[in-house]
Amino acid sequence: MTPLLDVRNLELGLRHGAQAHRILKGVSFQIMPGETYGLVGESGSGKSVTSLAIIGLLKKPLQILGGEIFFEGRNLLALPRRKMRSLRGSRIAMVFQEPMSALNPLQTVGRQIAEMYVQHQGKSWAQAQKMAVEALASVRVPTPERRVHDYPHQMSGGLRQRVMIAMALACDPALLIADEPTTALDVTVQAEVLKLIRELCAARGTAVLFISHDLGVIATMCQRVGVMYAGCLVEENATRELFVDPRHEYTRGLLGALPKLGSRGLHGRQRLVDIDSFIADRSRLTDTRFIAPRTPVSGEAGS
Amino acid sequence: MNAPLLSIDDLHVRFPLSGSWFGRQRRMLHAVNGLSLDLAKGECLSIVGESGCGKSTTALSVMGLQEPTQGSILFRGKPFSGPQAPSRMERAMAAQMVFQDPYASLNPRQTVWQSLAQPLRLHNVTARSELSDRIETVMRSVGLTPEQATRYPHEFSGGQRQRIGIARALILQPEIVVLDEPVSALDVSIRAQIINLLLDLQEEFGLSYLMISHDLSVVEHMSDRVAVMFFGQIVETGPWSAIFSDPVHPYTRRLIATIPDPGAVLGLSREAVVDGPAQAPAGWRFADDGSSAPDVTQEPKPSELVEVAPGHFVRLSRS
Amino acid sequence: MLRFTIRRILQIIPTIVVVALLIFVIFSVVPGSFASSLFSDGKTAADPQLMARLNEQLGLDKPVHQRFLTYVGDLAQLDLGTSFRTRRPVLELINERIWASLQLAVAAMIFAVVVAVPLGFLAALRPGSILDTVTMVGAVSGLSMPQFWLGLLLMYVFALQLNWLPSFGYGDGSLRNLILPAITLGVTPLALLARTTRAGVLDVLNGDFVRTAHAKGLSEAQVVRRHVARNALVLIITTVGLLFGSLIGQAVVIEKLFAWPGIGSLLVDSVAMRDIPVVQGTILVIVVWFLVINTAVDVIYALVDPRIKQE
Amino acid sequence: MKLGFNLILGGVLTGLVILAGLLAPWLAHFDPVLDADLMNAELPPDATYWFGTDAQGRDVYSRMLYGAQISLTVGIVSQIINTLIGVALGMSAAYWGGWWDDIVNGLTNVMLAIPSLIFALAVMAVLGPGLVSLLIALGLTNWSWTCRIARSSTLSLKSLGYVQAAQTLGYSDTRIMFTQILPNIMGPVLVMATLGMGSAVLSEAALSFLGLGIQPPFPSWGSMLTDARQMIQIAPWTAIFPGMAIFLAVLGFNLLGDGLRDMLDPHMRTRKL
Amino acid sequence: MFRRFTLAAVLCAGVSGLALAEEPRQGGTFNFTAPYGSSFATLDIQASPNTQEEFITQAIHRSLYAWDSINNAPVLELATGVDVSDDGLVYTYHLRKDAKFHNGKALTADDIIYSYKRVSDPKNAFPGASYVAIIKGVDDFAAGKSEDIAGLKKIDDNTLEVTFSSPVNPGFSLMQNTTAIYPSNVEDEATFATAPVGLGPFRFREHVPGSQIVVEKFDEFYEEGKPYLDRVNIILMSEDSARDVAFRNKEIDVSILGPTQYQAYQQDDALKDHLLEVAEVYTRNIGFNPKVEAFRDKRVRQAINHAINTPLIVERLVKNKAYPASGWLPISSPAFDKDKAPYAFDPDKAKELLKEAGYENGFSFEVTASPNESWGVPIVEAILPMLQKVGITVKPKPVESSALGEAVTTNNFEAFIWSNQTGPDPLAAMRCYWSKTAQSACNYTSYSNPEFDKLYEAARDERDPAKQTDLLRQANNLVQDDAPVWFFNYNKAVMAYQPWVHGLVPNANELALQPYEDIWIDDTAPASRK
């Protein structure tokens, strides 16, 4: 089986004349069709710029310094802008962190969804508007035929994120990039949105690149996980293996630093792992990597 | 149990909604509705809930940053709010606060030393040597070196800033520290350090914590008692173990069930999983199951907190 | 929407009242009087008897509080009083002049908008380009020039040297007479508007929803047309409104320089002649104009931006 | 334009004006008032009179140096008044809120509704022409923008941790305003003040044109330009040099203000309209 | 019998050129400029004393008398003849029979009675009231004691008998534009302010407020064959530099020049041949207030006159657009003494005088001044270094024009610089130094000299014009010696006109006031004007 997305040795950063400041230092990973792949890491580890590089929306002065990104067999970095644009939205779609600012405040959500059909499927606005109602229904927005006329500010954060998802999935993309899609949401709403993404993507066979700093969310969503640290992918493994048996020092520190629900009941209150005392020399961290050999994709992640 | 250090009784906070100031009475947003809580000496009481549930308003009321519309707050039995409230200076000795955003909680134009020395001077600690001593002590106790005090906030990382914020809260040696989402803005690895620090400090100085949080795993880790808030009311309160192992209210159960805890998700620890529907005790029903937002401009329907186990209360209505 | 509009209109009333009181107070302590100003050019020997009689006639011999009550009473009936100098109702005088002012303000604003908005837009789309640099240097230069100096310069070049346009006056109200004063008056709003447009568009371009639009696969032009333009418009409308509202007040110098028969020159003359009712009336009208424009902008704003109505 | 370019050019131009003003007694060749010899009236620029002489036979170069003092005084003093009023009102209104905020807001709206030139004209009519009147007139005119900026900045600071912490630490309101809020709103206020200096110089010129300028015989650029506007054909130098001085000085203030804004807060887009 | 004052007309070369007998061309449009403000206050000329509004009157209205600019005397305008009683108090006017108002009404004695009553009506508080006050009974009427003015008696429609309260020349008063004759059959007097009706050669057509007044030829004007022009646009242009551009651009036909432009136009070959100059009857001066200790000493006042190089200021700063003053009465006044020497520029003498007066260490005083370029702050700036040299410090105190009048008439000044009308009637001009004249009226320097009073009263009562003139000349010279003011200059008014304009006259009262009915434009005018 060929991977849907194959990121090879991606390097990006800023260039000052001859000098280059690297933010990503050779990141490689693959996502199979239909697979949900998680990138986890702390702020500044480079997970978000990775996703922007894939969809081709890096903002100046950030630029690609090296590597390749193969998507459905084509190197996205070598693709003409026009071709890349037609892929965006139709084959690769993206959901952003902050649904309020990611939606155009002056357009009804219906029109913003409809725009996808107009753009990629050549529908008329009237047709597209009808399809938008269905799209809203598919993300389980109650009374979609009314909600389609709402403006973003009239919706709650959870609903807005559903609109974003409806928009992203409108044209059945092969890959959905979800960049911290629930960070801005309350915990109960987060659970619903995560469930929605999981179910819709599973139903459509959409592969997901799921980016989060929250190990719990990653565990909920992903089949395989890559752990990023300082622009490097330091460990990659199937989710369960990674959590049960973290191989890399940094992953172990990270997991230890997390208060685990129920563990106080079982073991009493224990000190959390202080990553700084756990890892003596941080600079050494990026020298080592653990990439687990690929295991066949097996159904849905989590339990 | 001794007399509580801080006791909040029937606290109401309402805000006028903007607009419609022509003629008619202003509509009010009911942020906190009849909240009652006691905080004992040396205990960590956490208020959990989702955004807009009124937990931060409660914290601000305790700190005197928000005037309660109704109800009383007593500190060691003396009024801590309303017309007989102590002055700002007296209040400062009783309670301090650690803020959520470490980037906004430090004055960018003051060095750490200034931030720490100013309140001391204000409270009549003027001798240079005593100032230095106390600043040095507090810096060390939060895991920073006294030399770092000469720097400005922007020279510190987020975790270090939060340490400075804690140092500032401790500099006047208050009895109560209100922690407003103290770790939610921090990265995972830093979060652990701050949690450890807070627990160490509590032990060391016998502090009482009133913690506001939406992160249940942190709450479980740190709290002695927990109060769950839903739209201005406490729906369930009790010892941490009761809340996490035997939640009664449907909202509490839902909250716990939706925590994306890797252990729970991957089925590594069965302890934390909440199964089955919520059951109200006989003769009672849940006034609100917490599945949809009530009208925040109205008084909530009458209900009461019922003790279902020692110290474990749940909000119920008579059926 | 209607309620919103009505509420905004009601909100400007207290401002108008305070302004009315303020200008009454200011001009009740101003030195010099209409009667004495009649003889200020020294052409006629001052006639104390006539001055006394005039003051009596104009009610200026009454104590301040009594004059104030009269003023307020008249104002409540939308009566701006009678001009000392012309002995005609102030409203009538303003009505004669305000249309020329409006004409000038509208022309200046059209000039500013037509030039500034496209320039600002293009500059923002290509920040750092030559066009951007030229536009911004031009804008800051335009803001740094004394207006009458610029007007004089234009007058000398286009009227005297090139003989393309008349140098002054209203003429028969033709467009040719309007061009030079309108351009002179329009330069400041043009510069400000170009800067605001650029900044506003840049702001919008940095917005998350523009990134979303790109992620949808829209082309640059589609993004600008469908998502950037209208959002930037909100800021542009506000700026245009503010500028337009204050333009009549700014026009005083231009009207005097170009002998343009607007209320700005009426005001300056009336101040010089101490024709207080006209001064008060004119300022009040200028203020009301400003407030009305701003209210209109708020209403338009609410139409463009669905977030405003809700509050 | 790169970041910093504005700041540098603006700083250089402003610096030149300040230098000219400060060093005027040493740089000037003649007394700007008393060295008037009508026999030397309207001489074109030469080795003695670098910028020529005016209708009174005074050295334009020397008068321009002293004019820099006046322009600086007008710009700086009027902006100090504006800033003091604006910051005091805006900061206290935002901090205390309530009826005080309503009053300040109302007052600000009133001031915004009266065009600044007209308000200055009215104040000048009451006080009579002259430097002090001008300083008061311009100082009372434009505080509303500073007030708005100070108010909105204070509002956003008010809910920040360090301001709330100061309250919980027992700081008094005035202490909080002075130690916690004021230093942190000075950036945008300073930008406003710098831009305001430019418009004050322009307003001085406009008021001079309307006959309400600075007290002669002390030279202000605005009055020099106003006096010279009729001599543009016979003695163009009397108009060109003051005109350029105003342009460059105001340009300097504007660029400095823009530069400061770029440096202090790239997102602050408000500008006085 | 009607007495004629023969005032010395100062005519320049330009005027003789105008006087060339050429057949006037009929038709055309004349673009006239009104330079004294950016609006016309009112079109009701009886209500306005301003020169600005007189431009309209000149076209639309006529008064009982008119000013003869060539002979410098008031002449009968609306009457064909007048009989004067022996005591000089009763005048019987034989009114023109051919004069018609623009509304069709023929002129009758009723119109004049109506107009004078309107002017002196206290409810109106019109500025012309003081001129009409020379008629007997006006005081009673104004005080409300009488329904009518006793001194006005209608004999028949065309004959009017006027009784004056003293034997003055009524021409000076009743030629004033503020005493213009209005038709008595207009119902709503308020319409005079917006749609004036008069007896003049042009009828009102249009007023674009703030911009211009348009008048057009009145076909039934009583002077045969006049006016020549079809239309006159009286355009408002107060800004000198704009007027300069417009004139050079040939958009306007005439322009009143300031000193700077006067100099520039004299140097411009294309413009220098078309300048009309006249010595106007205004004396510019700095008045000293005896409130200031130093000014009470005549020697100090004389010292100031000696210390200032007046001719130099006139030449360099006023660009010769003035005549250095050697006394209160102007050159064109009949009582002007050509032989009386002006104060010589002599700083040493000034110092000596100051020393004698005890001010060798100088003193300082404030001059209240308006922005006027010919008699305002710039002049104060110019005398400042000169007086500094003799130890006197001068501080300009700038005020607005409107505040100047108030400051002076309320005696609220140390010194002021102003331009005062000193003609055409020398008796009226000298009255300002009579000690019984109120300070606020025109004795601004609170001048009081018994010797002068004697001379003035004698002149006032003298019936022989020659002797009267002689007495006034003595009085004027006495004032010059006493130096209650610094005598600065008499204005020289200059008007530039386009080469195609003919018929302009040197009006010493106000050059800008021109007889529109005599003006015509020739074929060289631009097409838009023909």
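Going in written order, the chains are labelled A, B, C, D and E, and every chain counts its residues from 1.
Keep in mind that, in the parts below, contacts are C-beta pairs under 8 Å (C-beta built on N, C-alpha and C of every residue); 3 or more make two chains touch, one makes a residue touch a chain.
Heads up on the chains, UniProt names are A = Peptide ABC transporter ATP-binding protein; B = Glutathione import ATP-binding protein GsiA; C = Glutathione transport system permease protein GsiC; D = Peptide ABC transporter permease; E = ABC transporter substrate-binding protein.
Treat the numbers as computed from the prediction; the structure is a model and nothing was measured.
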Where subunit D and subunit E overlap in contact partners, by chain label: C
Mutual neighbours - chains that touch subunit C and subunit E alike: D
Chain whose mean Cα position lies farthest from subunit A: E
Inter-centroid spacing, subunit E versus subunit B (mean Cα positions, whole Å): 87
Inter-centroid spacing, subunit D versus subunit B (mean Cα positions, whole Å): 49
Intercentroid distance (Cα basis), subunit D paired with subunit C, Å: 22
Intercentroid distance (Cα basis), subunit D paired with subunit A, Å: 52
Junction residues of subunit C, two or more chains touched: 31, 152, 156, 256-257, 268, 272
Multi-partner residues of subunit E (at least 2 other chains): 241, 399-401, 403
Touching two or more other chains - residue numbers and ranges from subunit A: none
Residue ranges of subunit D touching subunit E (in the complex, touch as defined): 33-39, 41, 55-57, 125, 128-130, 211-212, 215-217, 227, 229-234
Residues of subunit C defined as touching subunit D within the complex: 14-15, 18-19, 22-23, 26-27, 29-31, 128, 132-133, 136-137, 140-141, 143-149, 152, 156, 192, 195-196, 199-200, 203, 239, 242-243, 246, 248-250, 252-253, 256-257, 267-268, 271-272, 279, 283, 286-287, 290-291
Of subunit E, residues touching subunit D in the complex: 240-241, 244, 258, 260-261, 263-264, 267, 309, 312-313, 315-317, 371, 377-378, 380-382, 384-385, 388, 396, 398-401, 403
Touching residues (chain side subunit A, partner subunit C) in the complex: 55, 57, 85-90, 93-94, 96, 98, 101-107, 115-116, 119-120, 151, 153-154, 164, 167
Residue ranges of subunit B in contact with subunit A within the complex: 50-51, 187-189, 191-193, 195-196, 199, 214, 216-218, 220-221, 240-241, 244-245, 254-269, 271-272
